[in-house]
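Below, chain A partners chain B and then partners chain C, in two separate complexes.
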Partner chain A sequence: MSEAAPAQGMGQEIVVAQSVIAPQLPQPGSDEPAATPSMPSPSLPSVGGSEATPSMPSPSLPNNSGSMSVSPSLPGASAPSVTPSLPSNGSGSGVNITIVNPENLPALKPGQTELKLVIQPEAPAQPMQEDGGIGFFTIFLALVTAMVVAPVVQREAGKWVGFVNAFDFIRKNGAVISGYLILFAGGWIVFMIILPQAFMLDFSFRYNLPPPEVGGPNDVYTLKNYTYLLFGRETDDAWLNWLHLEVFFKTILASVIVTVLNFLLCYPLAYFMAQSVHGKSQRLLFLCLLLPFWVNEILRAFAFKLIFAQAGLINVMMINIGLWDTPFDFFKSDVALYTGLTYAYLLLMIFPLYNAIESLDHNQIEAARDLGASWWRIHTRVVMPYAKPGIASGCTMVFMLSAGALAAPNILGGPSSLWFTQIIYQWYNTGGNWPQGSAYAFVLLIACIVFVRIMMRVFNVSLGDIAKR
Partner chain B sequence: MTSEQINRWVVRGYILLFFVYLFGPLVIMSASAFNTSSYPTITPWEGFTTEWFSNLANNSKIINGLVNSLWVGLGVVALAVPTGLAGALMLMEVRPNLRPIYYTIVVSPVLVPGVILGISTVIFWERFGTFVGLDYKTTSNPFFLTIIGQSTFISAYCMLIFIARLQRFDKTQEEAALDLGATHVQVFWKVLLPFLRPAIFSSIILAFLTSFENYNTTVFTMVAKGTLVTELAGMARFGVSPEISALAVVIIAFTLTGAVIYEIKKRREEAHEERAKAAAKMARIADPEPA
Partner chain C sequence: MSSVELDHVTIRFGDFTAVDDCNLTIESGEFFSFLGPSGCGKTTILRAVSGFMEPTEGSVRIGEKDMRGFGPNQRPTALIFQNLALFPLMTVADNIAFGLEVNGIKYAERRRRAEELLNLIALPGQGEKMVSELSGGQKQRVAIARALAVEPQVLLLDEPLSALDLKLRQHMRSELRTIQKRVGITFIYITHDQGEALTMSDRVAVMSAGIVQQVGNGTEIYNNPATSFVASFVGENNPLPGRVTKADGDHALIDSEFGSIRGLNNRGLKEGDDAVVFVRPENLKLADSSADTSAENVFETTVLKEEFEGSFLHVFLKSTGEKPLKLAITNDGLVPTFNGGEAVKVTFDAQKAIALPFGEMADE
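Presenting the complex of A and B:
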């Protein structure tokens, strides 16, 4: 009884029993020092066998709350062994006992109890004991954390609780208007902006389950939807999911190209309108620019479909002129898509640029010219630095709308080329895998946020400058 | 020819090309609506017809879509304009050091791709609806979802319009009214809203047209039903009938009318503003030391 001795020295048989069983129990928080400080060293991997028998507490231990005992008279090398363990679900409702080598159990005479497997009715108390330890430790940890965090929380909460000064707010606006403001602005921010994004993020980490299983035991978190974008199915040959990754990077790259094209096209006109045209002709130019802006995105794309079609205007004209003799496939080569996208967001580039350049004092340009600057230097050193907020705003809007475009790629994209939003749409629609679609959508969102951050950093502007149109 | 003249011609050529690029596709598309060819094209021109317009009038899908679009548009106006106004007024109430955070949150829908707004709206209402025990029919109602989804970002547009207008608002008017015994509600109705009337008008038109034209968000939230634009996208992708071109002509006419009204109104307001400013300047010159 050497191992059990110290524990017995504490005068509690219950500890003896724990020392036998405890090493076998999967301890949900086994790294916690508080749970096992008084335990003797766990030296018994399994109950049973000749080695184990000497240390076994006597089967006739009278009143311990939970003990298990095997008769000392077990035979031989391959003795049956008894492995107690907690049910793995951790619910603590009982102890599973596995008997290995049951054929070697000694034959029992009827009525004889040489092999005693006694489990006291209090046995389930053991997992509760464990829980008690964890519970204590959790509370302890929580207290410590609270003590550490409390000052920080207090300081921060001061800021957040005072987001609006509630008392002043209601006094200033009256109850009815305050109610209206809080209901609409609060509802908008919470139920339309923040929570939907949070739910989408949450959903993207879940399995695609049929409705009855949602919220059930299978509804657990997973990284599967994100790893799928990177690596594809495990059974795939290729290491990476090239199909989708390629579409993703192509979408981002193409959106950047469209943005640059848009800038190159719009900058001269914006400059011209802002600095050289005045009065009535400026107003007319404005109206001419605005009108196509109000025409639907889909119709703008469709218009290009007509122009670039096999028997469309360009192919017919070029064949008539004799430039080429078989119709050129503009859709397959993505020419149609890029042209259509550039066209679609032209005006979101031109107005921010115009607004930014318009307020530049023309004398600055004159001064630079008088001092001998070339027209190139005037633009790169005087006009563009001044128009930074406008450039950032226009580029961001065009990039966002291009990367997030769905209609134009649907209509103008080639049969074999995809846009990232089209994959998202497929996951939702034909694929029927919403969590997967959410994960892809979230990746797109991250890409857009990164782009905005880069624009803000490069052009040194605030988000307010970008969102203004 | 001097270099200045060359310069001028280059600029003119560039502007001409720019506007050809801008209007050419629309003109060609509109023209193809009147071609007898059964495929929408202007090459070859086979003859003038208006039959595609009468076909269009009998296309029940399109008519249904149009009706749905109108209802959604009205719903969005009813939700997004008050929301945008509340968002703009709230900006003034938020403590100055937190304004950037608040502003970032409320303008973020403008910068988020519409596809993502649509998806998140559908998921949120499906899951949140089940969570709080809302009727499934409510949370998956295409009109409900579409109005909510579109309003998410259209409210932000409206808010930007209101913020621009509110920057010129003289708070002392409100204070004066309150001092003279008006209630807060009276101040809101009789002082603030009349001042904001042009902005309200602008945001109603903007909200309706943006809603009417929206595709990216709507295609997710409208579920099985369709608006005019989603039906149109389906036709544009697969259909090869000149009915689309005919519809394009109708929509262009419709939106252009709205746009022209909007622009004229806006310009008139701006001109009025300019005059007021000039008058104020004159007054200041005449009376350099106001009492």
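Presenting the complex of A and C:
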């Protein structure tokens, strides 16, 4: 046990202290359960460093065609726990291992007591243009970063005054409060937003490997998860992955429709509440708007389901009145879905609109009216231009959240309609393919951001305007 | 060109009567002002004329046409708001041409009209500026141009100068008057500033508590006020309250704490009426120390303080009420000085004192 493995430079053969190669694993002292290779674990990133190894390796394995990696680990770290499982044959004499790929040989030092062997039974048909993948990845990342960061950098460039103001900020607020603010705001952003997203982004460019292979030679970057959305499996007949693409574009389009519906519904209401009613009736209106949202979202969705059902409230009423004879299928026609989604994000549209319109000087409306403007003109020429930041803010929020909605499409969607988030959910959950799910999620996120930025450009709104509301 | 007729206009908000039975005819092409303290109902009248509000009773006629049921966008009026209410997101030219734009006038024609009006308000070639780039006086003029662009028959102005500083305000007064003369339409001007009302207007209506107290030109209102409110609100006046002991011909003799005083009786005071005699500070004179205080219009009082104002020396004298009497001496270079507590005798000409029925006073 105290014997060291002979140092490197032995050519194709090295002798490893026998005690190190435990034939039956998992090791008794290992704190992590052995994961089966076929099942990816949700905690993928942490799997790479664990000692969990598949149960098949035996001293005779080197003859196998599988590749093998040898990595040294700290002397004495887990040696005592291995001892009981020493094989009886050739005690203390060492085992000969043939390394197939000598370039991968790590430096072994005298005194090293342990070597970890990771044997990959079957490598995927890899390394699928490994270099090309990384190149693509770099370009893609650069593009995404440029797209998101460029406008900000453009605006902030040369504003070094802002940097100096950071010190001013500390001087103004005192060390304790500014420390608190910086620490918690920064901590929140880094740990709750940036890091998880960065991990997900990293995921999305990797193969869905069994845990033991994570961190191994096959754990390389790939665009496979992204190309899958476009082209599907290589074995598929169709050139493009129509099924998923269709759902993707339908989701974007439906979210646009929900946003427009929401705006049409909320604008008159917000205008009324901001400019026409005051005091008690205004508070009452707000309460009427807010109270239903104390009810859980799922519950509200199910309530809609009841209302729209074949024997639901509307169908029963309409049949009794005689407006139609046979029950109308609100789910198949997506009426229920659009209604549910529109209602779910009503407040996120109303409040930015209300805030924007509320600050408009009522005299401007009267002035426009006095100069002969019709109501339509007053709204298109005076109120809406003024409320544009609020409109943009509300529309962005409703669009983003609609595109990312899961509960409402699940409950209210028709049998044939699928929301893109549902596919993402399937990848994560039933499919057990986190990298694929991450890639899909990122495609959705980027698509939404791009779409919103385009709309902002079209309507000439800046990000700062939106943040104000 | 249209006259504006207010026919028994009464406007109520619940129990509160903002305008009480207002009867007025504003002539075509006239510069007419409503003058009164805040809350007197003058803005309410303006809103009734512009159409933002319908009178509870009575009717508003513009050019002999009853305006009931016509909205502000259908009336031949244009309103200039107190805060101007220019559209901040439009250029100056777009602001001016807004009324034309919403009435479907073509772009080229709109530009031509806007440029014309910019010339009228002495801001030629500044149409592409944003409103925020203009100074206060320039904004004022743009607001006027925007209102004039729709070629209204009546222009309504709701204290449009109140936000400006004194110098600019005085300058804009004459400018407004010039513009009105040039375009020749009816201007209805709302203000609480009597200087503005008197200098600009052809006629002024003084209002208090929803009631039109007096209508007349500046001289009439200043020299011959109809009520104690007008007398105390327009210009400075010293009230000397008392009771009428004799009303003969043009004059009324009033028994007051200042002794027996005589003033012009233009408003039909009778014996036994409660009355107030108003004497303007410039009409109060210092009498000789030998003057007989038992005679009419002579009384003795003490000096409280004096204030030197360049062309005038103001002497404040002890009165019966809280407010001191004010006496103005024109500075001819020989004005005497007074010490506080000094006893003086004061007199005034009965022809320059006005006896009015006792009533509401303006609290300045």
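Simple rule for what comes next: the second predicted complex is superposed on the first by the 268 of 469 C-alpha atoms of A that agree within 3 Å, B and C clash if a C-alpha of one lies under 4 Å from a C-alpha of the other, contacts with A are read in each partner's own complex, and residues count from 1 in each chain.
The rule we apply is simple: a contact is a pair of C-beta atoms (placed from the backbone, for glycine too) under 8 Å apart; a residue touches a chain by one contact, two chains touch by 3 or more.
Source: prediction; values computed, not measured.
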- Message: A:363 in the overlay: touching chain B, chain C, both, or neither? Say first, second, both or neither.
- Response: second
- Does the superposition put A:291 against chain B (first), chain C (second), both, or neither? first
- Item | Larger contact residue set on chain A - chain B or chain C | B
- Message: For A:334, using the defined touch cut-off, is the partner it touches chain B, chain C, both, or neither? Pick first, second, both or neither.
- Response: neither
- Partner chain(s) touched by A:371 [first = chain B, second = chain C, both, neither]: second
- Of the two partner chains, chain B (first) and chain C (second), which one does A:385 touch, if any: first, second, both, or neither? second
- In chain A, both chain B and chain C touch residues none
- Item | In the complex with chain C, residue positions of chain A that touch it | 361, 363-364, 366-374, 377, 381-382, 385-386
- Item | Residue ranges of chain B in contact with chain A within the complex | 11, 14-15, 18-19, 21-26, 28-29, 32, 39-44, 82-83, 85-87, 89-90, 93-95, 97-98, 100, 102-117, 119-121, 123-124, 127-128, 130, 148, 151-152, 155-156, 160, 183-185, 188, 209, 213, 215-216, 219-220, 229, 232-233, 236-237, 244-245, 248, 251-252, 255-256, 258-260, 263, 267
- Quick one: which bits of chain A touch chain B in the complex? Just the residue numbers, please. 159, 162-165, 169, 172-177, 180-181, 183-185, 187-189, 191-197, 199-200, 203, 214, 265, 268-269, 272, 276, 283, 287-307, 309, 311-313, 316-317, 343, 346, 396-397, 400-401, 403-407, 410-411, 421, 424-425, 428, 434, 437-438, 441-442, 444-445, 448, 452, 462-464, 466-469
- Which bits of chain C are touching chain A when the two form their complex? 50-52, 71-74, 77-79, 81-83, 85-89, 98-99, 101-103, 146-147, 149-150
